[in-house]
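Okay, so subunit A shows up in both of these, paired with subunit B first and subunit C after.
After this line comes the complex of A and B, so read on.
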């Protein structure tokens, strides 16, 4: 036994590697990391706009670079990241907004999540239609 | 010990993270073999240890029916009320029990709650009447729709499981945190309350709603169906509104609200 008796000495546990502690935290980290894919895609697009401003040759060079196998692989990665990001954010969306009511009933979280997906699908289709119409 | 002859005593291994500040420099795991029956909670398992095996084991408990909020602990890594968690659901074991995460351990399964109690007070958890009324004017009337806005947020039992689920609180315990912010919202959202301005300095401070990164685990672990993540995140809108509208219509400084 210690000669000096310490009756108190609060012990603070380390937070190192906290996100590996629970699958819920890992899912959260995946959601946050997938933001990098969204940012990456935005940077690629902005670079395209920059090249467009630098004349036809620069623009065509960028278009050619976009068709390389590495670029396609990168875009598939971005797409996957984007889907994960959308999915995880639509899941948490009901918690981030004030309660909504419809006909005296509280709108369930699942409806809010599904509405997010519906808007995404419609927006994607509209964008795709505009692109197809432009090309024609 | 003489067990009735027609029952076979089943046992389960319970591992407890022990910490006795007078002898341990850091927490250590200790294992106990606990006889159990199908109707026994984790709390009852701990009581068996304390009564029959090791009287030095310390833990908090009171009501045994999930309303006092005293017996929160990490059960197999998840924040749980130990009175509401059954050993039969954790078979075959071992069951690993440790003090609530993100709080400093005082002794064994007991954590320090001082900061949490200060936070509860800091959110002014009482109705600050919107308009002064004389007794003769009668009671404040509230419609069912107005009650519904605050009802779930008023179900908090201060068990702190949401804090043990919040990594932001674990990283910086100055964060007011899910429970106290949900309580803050419970009063702000009350139709009879007019105290939002008084609570705003704390709400919009760095240690207020903006410390939350919408992990959302707090709402998952709440044993009372409170949705603290929702309370915190919808107040980010209120805090932003207050910030920007403050530029348009300067108003008198309000006192208080410091954490």
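After this line comes the complex of A and C, so read on.
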């Protein structure tokens, strides 16, 4: 009786595990999952400023936690996620932004992507320089 | 008769986009500095993440703004993107599900903002 009820209505293909069906979908899922790294890091950084506001002992506790092997491992996966995100973000950018023109010619997508990556490298170097030479 | 229904979606897209750009530009370097190089002392001095130094950075107007922008926009970016991704796994964007994701981003933003305000200028 149950099977009879089930057979009513049009056939619907199951969507379970749909993203494993095609390499393109897998790539999409990897890209979307990079948001987990962004979310995780936002939470870590939020706790950082929270502990900072609670004084030196609290901050040192946070810093000690950041030195634990588990935290290092976590941040290595965050780093991987961030790199995937930076790479894919600028790959998609030509498709999501309005068309750009220069000298009557449309700026090719590859130029926009490469410019984004180049700016990322410069921003990373500047961030590193500030971390290394900032004077409190 | 055409009626345009006002939508709050552009607000979330804007936050998603801002966080997307910011995390693409600075995310990798920040994770490496605060999560790997700083704690392990690779290429940075031992006091790179000392209380006095980080406090000074958080009290600086630009440093404070940068930290808040990173934490808040990263959170809103991730909340929106993960909200769209759980939809792909069959969890649909009901008001309840949206409230959970955007609510988390809001809490992270408020905690970061109040902490950064309380360290002073």
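Definition applied: the second predicted complex is superposed on the first by the 122 of 136 C-alpha atoms of A that agree within 3 Å, B and C clash if a C-alpha of one lies under 4 Å from a C-alpha of the other, contacts with A are read in each partner's own complex, and residues count from 1 in each chain.
The rule is short, and it goes like this: contacts are C-beta pairs under 8 Å (C-beta built on N, C-alpha and C of every residue); 3 or more make two chains touch, one makes a residue touch a chain.
Owing to the predicted nature of the structure, the values given are computational and were not obtained by experimental measurement.
Measured by the number of subunit A residues touched, the leading partner among subunit B and subunit C is C. Of the two partner chains, subunit B is the only one touched by A:95; subunit C is not. Shared-chain residue A:123: touches subunit C; no touch with subunit B. In the overlay built on the shared chain, the residue A:19 is in contact with subunit B and with subunit C. Applying the stated contact rule after C-alpha superposition, one finds that A:73 touches neither subunit B nor subunit C.
Within the superposed three-chain model, A:131 lies in touch with subunit C and out of touch with subunit B [touch as defined at top]. Common to the subunit B and subunit C contact sets on subunit A are residues 15, 18-19, 32.
Every residue of subunit B that touches subunit A in the complex is listed here, in rising order: 19, 21-23, 26-27, 77-78, 101-102, 104-106, 112, 145, 148-149, 165, 167, 170-171, 213-217, 219-220, 227, 229-230, 233-234, 236-237. Taken together, the subunit A residues at the contact with subunit B in this complex read 1-2, 5-13, 15, 18-19, 21-22, 24-25, 28, 32, 92, 94-99, 101, 104, 106. Those residues of subunit A that touch subunit C in the complex are listed here as 15, 18-19, 29, 32-33, 35-39, 41-46, 48-50, 52-53, 56, 59-60, 63, 66-67, 71-72, 74-76, 78-79, 82-83, 85-86, 89-90, 116, 119-120, 123-124, 127-128, 131-132, 134-136. Across the interface of their complex, subunit A is touched by residues 19-21, 23-40, 43-45, 48-49, 51-58, 67, 70-71, 74-75, 77-79, 81-82, 84-85, 88, 90, 108, 111-112, 114-116, 118-119 of subunit C.
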